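Should a chain be cited, it is by its letter among A, B, C and D, assigned in written order, with residues numbered from 1 in that chain.
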Amino acid sequence: MKLTEDQIKEIKEQQTQQNITKRVTAPELERILYDAIPILDHGFIRVVDYMGDDTSIVQSARVSYGKGTKKVSTDSGLIKYLMRHWHSTPFEMCEIKYHVKLPIFIARQWIRHRTANVNEYSARYSILDKEFYLPEPKNLAAQSQSNRQGRGDILEGEKAKKVLALLKGDAEQTYDNYETMLNERYDGTIIDKNSVGLARELARMNLTLNTYTQWYWKTDLLNLMNFLRLRADHHAQYEIRAYADAMLETVKKWVPITYEAFMDYRVGGVEVSARGKEIIKKMMKGENINLDQSGLSKREWNELMEAFELKDKII
Amino acid sequence: MKLTEDQIKEIKEQQTQQNITKRVTAPELERILYDAIPILDHGFIRVVDYMGDDTSIVQSARVSYGKGTKKVSTDSGLIKYLMRHWHSTPFEMCEIKYHVKLPIFIARQWIRHRTANVNEYSARYSILDKEFYLPEPKNLAAQSQSNRQGRGDILEGEKAKKVLALLKGDAEQTYDNYETMLNERYDGTIIDKNSVGLARELARMNLTLNTYTQWYWKTDLLNLMNFLRLRADHHAQYEIRAYADAMLETVKKWVPITYEAFMDYRVGGVEVSARGKEIIKKMMKGENINLDQSGLSKREWNELMEAFELKDKII
Amino acid sequence: MKLTEDQIKEIKEQQTQQNITKRVTAPELERILYDAIPILDHGFIRVVDYMGDDTSIVQSARVSYGKGTKKVSTDSGLIKYLMRHWHSTPFEMCEIKYHVKLPIFIARQWIRHRTANVNEYSARYSILDKEFYLPEPKNLAAQSQSNRQGRGDILEGEKAKKVLALLKGDAEQTYDNYETMLNERYDGTIIDKNSVGLARELARMNLTLNTYTQWYWKTDLLNLMNFLRLRADHHAQYEIRAYADAMLETVKKWVPITYEAFMDYRVGGVEVSARGKEIIKKMMKGENINLDQSGLSKREWNELMEAFELKDKII
Amino acid sequence: MKLTEDQIKEIKEQQTQQNITKRVTAPELERILYDAIPILDHGFIRVVDYMGDDTSIVQSARVSYGKGTKKVSTDSGLIKYLMRHWHSTPFEMCEIKYHVKLPIFIARQWIRHRTANVNEYSARYSILDKEFYLPEPKNLAAQSQSNRQGRGDILEGEKAKKVLALLKGDAEQTYDNYETMLNERYDGTIIDKNSVGLARELARMNLTLNTYTQWYWKTDLLNLMNFLRLRADHHAQYEIRAYADAMLETVKKWVPITYEAFMDYRVGGVEVSARGKEIIKKMMKGENINLDQSGLSKREWNELMEAFELKDKII
């Protein structure tokens, strides 16, 4: 991630604000407000605004007149209870806004979370930066043989080099041709003063999906947790997980009590089906039970065994 | 509106907060933060939190790194442009949270605005306050004869008195019986120590629809404007308009530039149909045109005449 | 539930339709289409339209050109997989529309599910039916002593009688006064031809919350399942559960494969927290573990014991 | 647009369905159900399911027990009234589902309409088709000089040829390299049996934004009209307008009365601001008024003059 002089200066200016407010503040989050936290090779996330803290959840759950906080321990108990029993609305009372720079193919996954507000940098008005995502060799994985949507082993040295060369070459060439069609360089230089360029809304179609874009993305805490639960999961594509992991850290700074309950009940928790429950119950009674007797599919059985680390039972 | 000692104290405590933040603040709105603004006889609205200001709209429309503000005049021009051309997403980047006390029949209209977050005081857990809405005589209107959903003339003195007596009598009696069924008074006093009360979730069904409830209600600026456009309109029921009008004032303090554009393009504006446009065009050319030639229904014709104050032309 | 002659005739007319369509149909659901299924004393649900069936889920999950069905067994496996792994979007591809008659205090719970479309009978335009919900004696429960929002024992005979008399008396009186204020009976008869009535939008405020209202309610299968998971649960208030239970039966007729997966993974399933998982793992290994060692609150511990029917371990 | 033998066969199979239903049907829409209507060079839309018709809007607006249709003329009047006064919820009672093939850069605009359900073809599981959008020469426009996001003149012959050559060359090359990285051709042929391919979720990043993708997209009639109002507008990018125009035709076949009202009040209508209204009023009275006196910006003034075809007044 490389910011321009101007961008660094603008961020600094925001950070030197010292405004007085009667609103609640989250001191740990204030500390990193506006900071560009690097993700992947050219991406970042920045928290640019927020509203509420842990006490806001308690306050609205109680519809109270005041801060709604008696003691931290009481608040913590209530927040855990709300999380455990899927009382969702109090968590919607906190809001956060990020500025994110990310590759387009990741933006396309991200945008499927619909309960959020988004303003994306417009390639109809402006020219996109000359930046593309190129994976680090350790993330260049082969197609998984067992899981149709997953990754398998890391590509070996020569193969990896070849892939990177192709990705880099194609991204650079298509970007160069993007400039050619626009008759303008990424920095605003006109290429041929006697010519006109193709409309920006058309020229952008020549870019590859690893080109970086950026957006402002705002959501409430409940929907942020829904996002993180799916995207910080090990089934998620590595590239979006990198963003989700960094966002989890900002949640921890913002609403530490909620963060803890979220990690316990959602991220670290497991869902057991009605059938799965019967199997666990039998196993706890010491009964022997196997796949055939279980009524589960093989895949489901293995998922259950894995969840409770009954690894020797995997077939 | 009467607050208890405790409530007044809690509000005061919130208002004495002096937190330092790097976030943008809206100084005019800060001044009234947490204030209970009286509405109707026992209701209120209080702004309890907010996020962003006019510059946040500009900032996200530009997806900029910094505050996004060059000059107020530039910002104002951009905000007007966005409003005029229905660029909705930048207005979603500001968020506000209200604490509202309101009669249940109004709450039922309000809740139909779905893009908002709400926590309502639970009458399954708690006992509702002994407060009901009784209209002022000047708001006791007869059913309109011309408009099936509207109000007509104000009821005369005797009739009005009778209506108020019925409303008051029924509200008090059903509330008394609510307490009797609960075996508990509104202040927590147990009525008969040797008896048990009906479950709260059941007893509440005996209350009338003018009983006051309260909730935390949070939404973004775009959806707030959608709400206000419909509910501050003269077609809206007077009782919800009273809330909408007070909220409009808070918008003015919060995002003054947006407020001005909203009043110009939405609240004070008018939509003209394709057919209506043809009529206006002809009239501007000095052509005479009447209802029969217009292709409009009588109702539509009158709406058009009214919008452009061509009152002599109403048939 | 009592329908008028006209209503019965209108429903019959809908049911005699024999339209030809190229769309998929759900034969079991067609059989009960438009039927008013009685709920509580005067309520009902009617399925009035639907779109899609189990194959539509498979079809959109695969983004296929055709029906997307190879074999029922393959479809079933895919639907289970989608349900287990929270792939939510394919379930949004089926849609259903209900006509519901329900008490207002239940309508107020129901409407909090925001991702749905609703048109409610307007008491600004029209006069509400003279029908109120009066619980059967077996559902007249006392306030729970242990659970602040729950129900305890059933009220005894005399107490129950008294409660019912209060509910009935108040509902009838407030409705009579509603008519008086309107100067109009529920059947349209004008009471005093020389007088005018209070506006309907005002008079309605005198009604009690057990008055019946009705609406058209439309949602997709995913959001319907979210609704049913919460409202058919034993923590839900009995009166809304009565509706949810009847709706579950319509889901079974509509999308039988999805219904089965839903019952297994959601309704009958259990969520175990990270800490809970550690406890289960230890118990499966035969280790003794108790509340103190568990790191759980007493309440949480009991919930876990109950989920796995380790009842002897409840403290 | 070229469909495979299998796809054509699958579509035919859907079209030969002759199911009996008690639901309302839209005969004109049934006629084209499942048809792939070609858009751009390789795209299409297909209506694959729908629910409701014009009478469903009337029925739910009235919350009626029966079909809710007295006479077509009454229905038409009510639908126009609802449209004119922004009564939105009855239009949400109709639902439609499309199968769409479209270039990725258009999919990215489209997806910003959040109140819709979508399943996109997954390039994590599967290989995308070898199809890219190449504009027809008449659509190869230069960047507009006056409007930062618009199109200007059509590129001349030689320039156009060069642009097309670049677009075609880059799309083909990046697709070839996509196959190379995958070690697999678009038709499933393995390139080198002794090697492994890069994970699909990674390889896709090498594709250009004019590559075609496809999805199932389902929405209600209200949100469809919101989409069409913006995307069938002349400010919309030509490529998405091509889809919107074809969808407008399907709306006409589905709900002809609503279509007519939509064209009159939304598509062909105009919004006039409070200030604009004052100007029109003065002009109708024969007063002379110019930009300076108007209080409008030059841009706003011109938009107003254009709306009412007062072209001679444009400055």
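By our rule, a residue touches a chain if its C-beta (ideal position, glycine included) is under 8 Å from a C-beta of that chain, and two chains touch if they have at least 3 such contacts.
The shown structure was predicted, so the numbers you read here are calculated from the model rather than taken from an experiment.
Novice: Does the subunit A and subunit B pair touch with the same residues on each side or with different residues, judged by whether over half of the numbers are shared?
Specialist: Counting which numbers both chains contribute, over half are shared, so the two copies meet through the same residues.
Novice: Using the touch rule from the top, work out which pair, B-D or B-C, shares more C-beta pairs.
Specialist: B-C
Novice: Go ahead and note the Å separation of the Cα centroids belonging to subunit B and subunit D.
Specialist: Each chain reduced to its C-alpha mean, subunit B and subunit D end up 34 Å apart.
Novice: Rounded to a whole Å, what is the gap between the Cα centroids of subunit B and subunit C?
Specialist: 29
Novice: Please set out, as single numbers or ranges, the residues of subunit A touching at least two other chains.
Specialist: Residues 89, 112, 118, 122 of subunit A touch two or more partner chains.
Novice: Touching subunit B in the complex: which residues of subunit D?
Specialist: Residues 77, 80-81, 84-86, 89, 112, 230, 235, 263-265, 267-277, 280-281, 283-284, 286, 297, 299-300, 303, 307-310 of subunit D touch subunit B in their complex.
Novice: Within their complex, state which residues of subunit B touch subunit C.
Specialist: 103-105, 107-108, 111-112, 114-115, 118, 122, 124-125, 133, 135, 140-144, 148-153, 155, 159, 163, 166-167, 170-171, 173-174, 177, 180-182, 195-202, 204-210, 237
Novice: Please output the residues of subunit B touching subunit A within their complex, sorted ascending.
Specialist: Contacts found on subunit B: 3, 6-7, 9-11, 13-15, 17-25, 30, 33-34, 48-52, 56, 59-61, 63-67, 89-90, 92-93, 95, 97, 99, 117-122, 214-216, 218, 220.
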